[in-house]
């Protein structure tokens, strides 16, 4: 009896995982972009998933690789660390790529793939998401959340010159290094500065519903709030919904306007910039990711050591003043 | 003069302002068996738990051999007082030896449990209680009776000076009962003090030298056994005179209600065939484990699917409880607390659950009509003479065992069943409530309902049934008319002898 | 009504729903502490924010009442939202979109219900598996993108009738219907019976499997309805919608006095549980507490509720066990 129950549980789990893999396999590896011609060296690229920013990162890598004369073999792991490991293995062992560029689904588990690359003498590069164990990583380039938070603070301080700001600060996940960095950079840059007061800090757990409710509540509590720090573009629709409900969504220049700055630079942000409801957006430097990683590949394949081994690239500030000149470099505005 | 092994002095205990026991005093000395009787709720369990250290009295004192009791279960054990519980407190996935020695798994000075040592220590105790199984058996695999023996062995393993037995024979068959009574007599001969709590007055009469009768939390009598006959004992327990004996039976009618042919459950029971007429009470006797319950469950579609079952000449689809209910069957389960009623739901809901469609505004919608439900359940409660102090809105678990059983029977009466199957309908029930259930069954039979009665109480089966079928080892070994159904004849068939 | 009768009725109501005074004290205390809290707009805010939680929790209450659990509720919410935002669906007339989303909820609930009723796999495991399946499927439908909802689909979250916001009306309707079905229909009674004692229910000839399937279907349907109001308010569907939502929903139900062992509980308590949780959350924002305090308070509220409930049942049960007598009625 007891044994049957266990068997049933196992069977159910097996069935469930089968379904999962079946669902995800359809979105599997994109076809190779590069031609397989003998002379061109191929770089294997493994992404954790493929959303808007990943599309931009993919394009940036492709662009830099084309310029440097590499072809690219591309794979997506659909947020499955296991799948990513086998895809990287396939890139290295079967496809015989010269280097791999990885956005890790899991910063811990990726260590096994890195040591496999090391054993085969294939340069291993990590972009966007940090890898825990740096021992076998040739080069890593990520965003710089603290610098981005500081860049947001700079926008606030500039705006505070005309009128003092009372700020609602939304915080991402309290266990997410990225969220903590964006918060700490912002707070540190504002410490002791006149003109900007943080009146409320609300946690969102990166959850849009919590961002919506928290913004509504904070605006209710303190109607004099006239600025909001949104730590990621993807919370922007929630904040805008809350502002709409409170009758506070107004374009720049309108006295009701709430000063808004966010980070990432996706389509939402770009649209809001165009609509003049968003004051500034600190865009992820996707092009830098592509350029610097491909440059590091060239260095490593040339037998040279890559230095520095880890780079944190600052975001690109897009505000209403520089919109005309800068928007073309922001990934979210490209599409 | 030595102190009594257990002395209870003016002990009182109340729960939520309601007194469970009130000024209770009595003693039990070495070499003496004292019976403790009383209806459910009289305070026996509270006293048992106070003596065993699980409850601390609000007032009064308990002493063991003259020394005041230290509170806590461990304290009582340390003082040489062991308790044999009714609801077994065993771990089904441990072995018999581990269960018996659960509080002494390690020998002094050792860091590890040694299975061999446990086995050797447990074997003599098991022998002493006459267990037919070894110390390595898993408790899960034992029958209810065998588990009770393990429970006793566990108590005896500590070499106690006093033992409290709480309904030790409630789930045992005849042979096992004899075994337990033998153990009690042996303990007395060895000079151990025994407090024996039981509903079975024959056992009390046979084993004890003195009887303490409790009612409503007080001791109403503390006299030598010889001075109390059964009738006197019962009226002391209930507080009034009881009508004696079984109610008169009306003769059954001509028409056949239930026909069972070659019934089996695919495992223990096979080839069972019998008929029950309209208005007939058919008793099913047999030892524990002979397959009586399996027959009942197979007829009701809860188990197995071999053979043919007809109600009123219509053959039933097998294995479907709903089909059986639709054909007019009702089943009063052996395990009423778990399978019969909803302990944490209002009594009303347990009573109406079978015929819930009948109290809807319209059957199609399933929209309940509270008024109609109230009328139905109140009528049912009246018919079974339910005594619910908190009203029908109180939780089912708040009822005494007898009244719970009345609810389980009552819920079926709403559908006017043609056949009621009752499995151990009076187990663990007060004498007063028992008599009421007997009368209820006789009345139902008089109105034409057929009844299949399963019981371990020989007297009950013989006294209530028109005919008695006897099971042995999964087969029906004989059917006896009321005139021929004597205790001896039943036992002969039940143990495999010829009729 | 004369004052004593009011007092008696009030006391009866409090005994039935001990959360009622808790909610009142919370509201009064926060109003006293923060001037803006008592504003009508704020109370309306709380009601709107509680609405999806109320709707999903009513469904969860049915499941928990059968002694089951549904961990997949957050993922069902997400998959329902994903289907709503899918290009093929969002283009349909509004009523058709809602119908499709509700149908999706029913089907998800049906999968859970059938798996729980017809295998002996515990609901915890079944819904843990479907939780992953539904979230994966939702991610597949949306491609992990943020998708804006067309304006016509946002009305259910932002419109109002006679000053009462649409989500609140919907939540009230769900709560009333849920309470009615629960208390006044055979299905509701069967749900409680199955949770109280599955064996007794089987012996009474109840359609135990059908009841289980029904409870999970209700949970799936209501998760989909909750999703409609939630996404309409957000204005967009995002991959992290509903993540961790199962804990919030289960907390609301348990806070409302429904035991995880099944058979005991109420819809009214569930609604109050959702309101208390939302009020606490709002109160935290008003208090300006550190973000870390939020989690501590939320966990503390649940722990206190569970301990209080456990103590109540334990006292009654222990008294009954040790005296061999009835709990005093």
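Letters A, B and C mark the chains in the order given here, with residues in each chain numbered from 1 onward.
Simple rule for what comes next: a residue touches a chain if its C-beta (ideal position, glycine included) is under 8 Å from a C-beta of that chain, and two chains touch if they have at least 3 such contacts.
These numbers come from a predicted model, not from an experiment.
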item: Chain contact graph, described as a line, ring, star, complete graph or other shape; value: line
item: Innermost chain, where centres are averages of C-alpha coordinates; value: C
item: Chain located farthest away, centre of subunit C as origin (C-alpha); value: B
item: Chain centre separation in whole Å, for subunit C relative to subunit B (CA means); value: 42
item: Cα-centroid distance, subunit A relative to subunit C, in whole angstrom; value: 33
item: Approximate Å spacing (C-alpha centroids) for the pair subunit A, subunit B; value: 68
item: Subunit A-touching residues of subunit C, taken from the complex the two chains share; value: 34, 36-37, 39, 41-42, 45, 49, 52, 115, 119-122, 125-126, 129-130, 132-133, 136-137, 139-140, 143-146, 148, 158, 230, 233-236, 238-241, 243-244, 278, 281-282, 285-286, 288, 290-292, 294-295
item: Partner subunit B, residues of subunit C touching it in the complex; value: 184-187, 189-190, 192-193, 196-197, 199-207, 263-264, 315, 319-320, 322-329
item: Contact footprint of subunit C on subunit A as seen in their complex; value: 4-5, 8-9, 12-13, 15-17, 19-20, 23-24, 26-27, 49-52, 78-79, 171, 174, 199-203, 205-209, 212-214, 216-218, 220-223, 234, 237-238, 240-241, 244-245, 266, 268
item: Residue ranges of subunit B touching subunit C (in the complex, touch as defined); value: 15-18, 20, 40-41, 43-46, 49, 54-55, 300, 302, 321-322, 324-325, 331, 333, 335, 338-345, 349-350, 352-354, 356-357, 360, 365-368, 370, 388-391, 394-395, 397-400, 411
